[in-house]
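Can you keep this structure in mind? I'll have questions shortly.
Chain naming follows the written order as A, B and C, and within any one chain the residues start at number 1.
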Amino acid sequence: MADLSREEVERIAALARLALTDAEADRAATELAAILGYVELLQSVDTEGVAPTQHVLSLATPVRDDAAVASIEPELAVANAPERSGTAFVVPKVIEGEEAG
Amino acid sequence: MSAQRGAPEAARRSSKSPEGYEVVIGLEVHCQLRTESKLFSPAPVRYGLEPNHSVHPICLGLPGVLPVLNGRAVELAIRAGLATHCTVHEHSIFARKNYFYPDLPKGYQISQYEEPVATGGWIDVVVGEGEDAATRRIGLTRIHMEEDAGKSIHDASIAGQGTLVDLDRAGVPLLEIVSEPDLRSPTEASAYLRTLRGILRYIEVSDADMEKGHFRCDANVSLRRVGAAELGTRTELKNLNSFRFVEEALEAEIERQASLLDAGEAVHQATMAYDPARRRTRVLRLKENADDYRYFPDPDLVPLQLSSAQVERVRGELPELADTKRERFESDYELSAYDARLLTESRGLADFFEAVVAAYGPAKPVANWILRDVLQALSAQELEIEGSALTPAAFAALIRLVDEGRTTAKGARSLVPDLVARGGDPEVLVRERGIEAVSDSGALEAAVDEVLAAQSADVERYRAGEKKVLNFLMGQVMKRTGGKAEPGTVREILARKLDG
Amino acid sequence: MTGPLGSIGELRAELDAGDVSSVELVERALARAAAVDDRLNAFLGLRVEGARADAARSDERRARGEVRSPLDGIPVAIKDNMVMQGEPTTCASRILEGFVSPYSSTLVEKLEAAGAVVIGRTNMDEFAMGSSTEHSIAGPTHNPWDLSRASGGSSGGSAAVVAAGIVPGAFGSDTGGSIRQPACFCGVVGMKPTYGRVSRWGLVAFASSLDQIGAFARSAAEVAVLLEAVSGHDPRDSTSAPEVVPAWSRGLDGDVSGLTLGLPREYAAVDGIDPAVSDRVGEAVAELERAGATVREVSLPHAHTAVATYYLIATAEASSNLARYDGVRYGRRVETGAGLTDMYLRSRSEGFGGEVKRRILLGTYVLSAGYYDAYYRKAQQVRTLLRQDFETAFQSCDALVTPTSPEVAFALGSRTEDPLRMYLSDVFTVSANLAGLPGISLPCGFAEDLPVGLQVLGPPLEEGRLLRIADAYQRRTDFHTLRPPEST
């Protein structure tokens, strides 16, 4: 399990939308393999029947009233946009063959 | 596969399984919850604004923002679960579904995955009409809450070389309702959707307006050899946004799969889109690299806990559901099962019916008038009863005018489209249109006498035993009175004078 | 005029006496920053005009007798992962280049309500991922005690600005030790309260179930004042603790008699612990015993699993939390006309630094199909066992004492090539985050002329007890009063 193939690294990188050069992918494979090798020690811990901790809080999730507040100014909403058209964000088109989601 | 398809009617007629196969359909419905604010953000739920005019830092996925759950959305989800006989869970979990898309501002959608709010329900669906009507119980796998994505606008005439992103819809609360693969034909699928939509509207969980995208459907469909236990490979049809498209798309996809299987080829797991212009489905993408959404419990939210008292309170507030209402209409109003079903399909129509009965009296004629004339006018004007101008009081008054012989049934019928569109006082309308019934018996007697005098040859034929001449003579009298005479009265006078 | 600023208590006394104005304090802080920060590199941005205006308003309030809090008019700094309306927030990342926040964090709102004056945003490891503040787009923050050494991380900038006397107090965030370890390296007090005590609204997320805002100052008493101002329930944070915040600063009477301190047996055997660090911590424990505390050995049987558990959970959450940096709505976009996916890939690959990418890859991997159960779920289960270890330990003691870091500040550049070794140095700090416990680090002496830190951990919501222990120690020692050499 601690061995991580280049293909695996590339699959993960694609899922995370990170582009790695060959050298980076090789290095990532080595580093991740070392880390995954280390975390193998968890496999020796007996967790049979142990409930997972998603959160340290024993709270139930709070709910709020269904009351709407005014929208923020549209100008402010798109003020940080790298590209905009009016008050819409603009992104490059999906090129045919690209995954849509 | 046959490339040419006939008219829509042909498609509907062919709504039988292809020879030797059983069709297996499961539906995933996304319906928008009726709330003021979004699921995890206090931004208002608004449509039709300029882009990004209904957003909060949370909807924009800005650094540092956190979700806080809308309590009303939770109530509506409980309500939907109870109305569909689901088990509503006191413990459920919000998870993140991770994927990249420009209209998904955080790079993940907050949804429910391993522990949804409700599971294991059913709804009864009536399939077919009249004599052929049969009830099928369709299982519901699960109901969960999730947030909607924003809107990407790809239209080159607006967006130029790019795609525009509007996040006004991002974060709007949705219920996803997943059926068991219990549906066996496109007709059943469509009937299921109509019933489900009716329930959601009844309990005021959603406006479920398909036009506005409040009620969207994805369908999973596969074929298997009759008698086979294993399910076949399924495909997923995305974004079927009208009842008609659901049926058409399923027809087309079933035919495509059947042709493949007939030819000994395999159906590949894929996401499909329906092209209504060509009446064909096409592969959007194969699922060979199955999506890896990396679901995990959202660490910004702790589990949702409902108390049994809260669930019971929501149960107590549930309105009468369609099934119960239908049974009550059959027994209380002595309506046929068919009429009762049509009248209870929408809560608005059922309420309208009861209001007219309350104002008028006998139920049966009210049912007839609504089912024939009101439904026709609504459908022609593409309106729901709630959106029409017709009031129960006006409609009761209209029927009464006919009963009192002050206008003819035909005259009254001609007013329904106007009443639906613009409302108004039927008595005034009858006068303005000059469609008062000629009920003055003197005038009618005179008109009959004139006709009998003018058509003496026909009178002879009648008296010689050619009884159907009566209809011709009636037509002549109606013509002479400009259609304002009550046909029953005319027939009575004619018969008296001819036979007497 | 460019000497270090005094403590919060001293500055407040000067303000109250009318010896100095808030505007003058802000000018002194800015002058001090100008004098030393080109060597420290502890600030990512100074808020000059805004701070002057805030200070002027504080002076007006004081003139009207409307002082809001003990922090009114006091200059402070915030880590550059806490948003402030109209100000940039970069998280020391290229990907947030140019981002100006349209809203403020709860922390900033509470500071404004208290009258504190934010003078700048401090350096950090990119997105708080690191233990050295070397993974910053702006370069490393240098340790005020030895400029060739790391300041610790990820809140290294906040630790350094307090150590160098630019401001008396600063805020940081702690996901696996990111306040306590830099506090240790820079010889100041740093406290991470119980998970949920300080709202995370407006704190840029690294790992949501672990992140917690806390404070730096030179004394526990000042940390108490800083944390009182910013703690409390916040309806905008679903993970905010509902409990009322006690007046911690009023409970500091120097009395620790009757308290039992637990020494975790497993921590004595940690690989690579500097013997000098062990010695200083032993001396500190002895000092607390002299002050009346009882000491006993306790056991944390799963202590050896904490770092592995932490890195699986933290990176999984981070991989999702950092998906929003996609070049669509804000921040840096790199586009070559090759379509959407290309834009994503380039913006993220060029926008994130190596350590962030490494953690995103690891986190994506542990959540991906087929690995979730073996890694993520397993880590969550072990997290339960770790919590139970602490629950058991706290049945026989009131607080745990440990070293904060197994070593003193290491040389800049000496660890960046070996990420796993860097991770392992978090061995004493990550457990508190996994269990949601409060923890404090305080200076307890020197090794190789560099500060050593003592960590005290307590049960949930027992910040007051930790502050009381730290304060009692500081009443009996003077390590916290020592300043870094004048060379800085």
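Everything below uses one rule, namely that a contact is a pair of C-beta atoms (placed from the backbone, for glycine too) under 8 Å apart; a residue touches a chain by one contact, two chains touch by 3 or more.
Everything quoted here is computed from the prediction, not taken from an experiment.
Novice: Return the chain label for which the distance between chain Cα mean and whole-protein Cα mean is smallest.
Specialist: That would be chain A.
Novice: Looking only at C-beta pairs that count as contacts, which pair of chains has more of them, A-C or B-C?
Specialist: Ranking A-C and B-C by C-beta contacts puts A-C first.
Novice: Can you check how far apart chain A and chain B are, centre to centre, with Cα atoms defining each centre and the answer in Å?
Specialist: 39
Novice: Go ahead and note the Å separation of the Cα centroids belonging to chain A and chain C.
Specialist: 24
Novice: For chain B versus chain C, what separation do you get between their C-alpha means, in angstrom?
Specialist: 57
Novice: Indicate the residues of chain B shared as contacts by at least two other chains.
Specialist: 57, 60, 68-69, 100, 102, 163, 165, 292, 294, 299, 301-302
Novice: Give the residues of chain C touching no fewer than two other chains, as numbers and ranges.
Specialist: Residues 99, 102-103, 209, 235, 238-239, 319, 323, 326, 328-330, 340, 344, 364, 368.
Novice: Which residues of chain A are in contact with two or more other chains?
Specialist: 15, 17, 54-55, 57, 59, 61-62, 64, 72, 77-78, 83, 89, 91-94, 99
Novice: Hey, which residues of chain A end up touching chain C in the complex?
Specialist: 1, 4, 8-9, 12-13, 15-20, 28, 31-32, 34-36, 38-39, 41-43, 45, 47, 50-57, 59, 61-62, 64, 72, 76-83, 89, 91-95, 98-99
Novice: Any idea which chain C residues touch chain A in the complex?
Specialist: Touch list, chain C to chain A: 98-100, 102-103, 195-196, 209, 235, 238-239, 241-242, 302, 304-305, 307-309, 311-312, 319, 323, 326-333, 335, 337-346, 348-349, 352, 357-358, 360-362, 364-365, 368, 374-375, 377-385, 387, 419-420, 423, 434-436, 460.
Novice: Once bound in the complex, which stretches of chain B touch chain C?
Specialist: 57, 60-69, 96, 98, 100, 102, 105-108, 163, 165, 290, 292, 294-296, 298-302
Novice: Which of the residues in chain C end up touching chain B in this complex?
Specialist: 81-83, 89, 91, 96, 99, 101-103, 105, 200-205, 207-209, 235-239, 316-317, 319-320, 322-324, 326, 328-330, 340, 344, 364, 367-369, 372, 376
Novice: Which residues of chain A touch chain B once you look at their complex with the stated criterion?
Specialist: It is residues 15, 17, 54-55, 57, 59-72, 74, 77-78, 83, 85-94, 99-101 of chain A that touch chain B.
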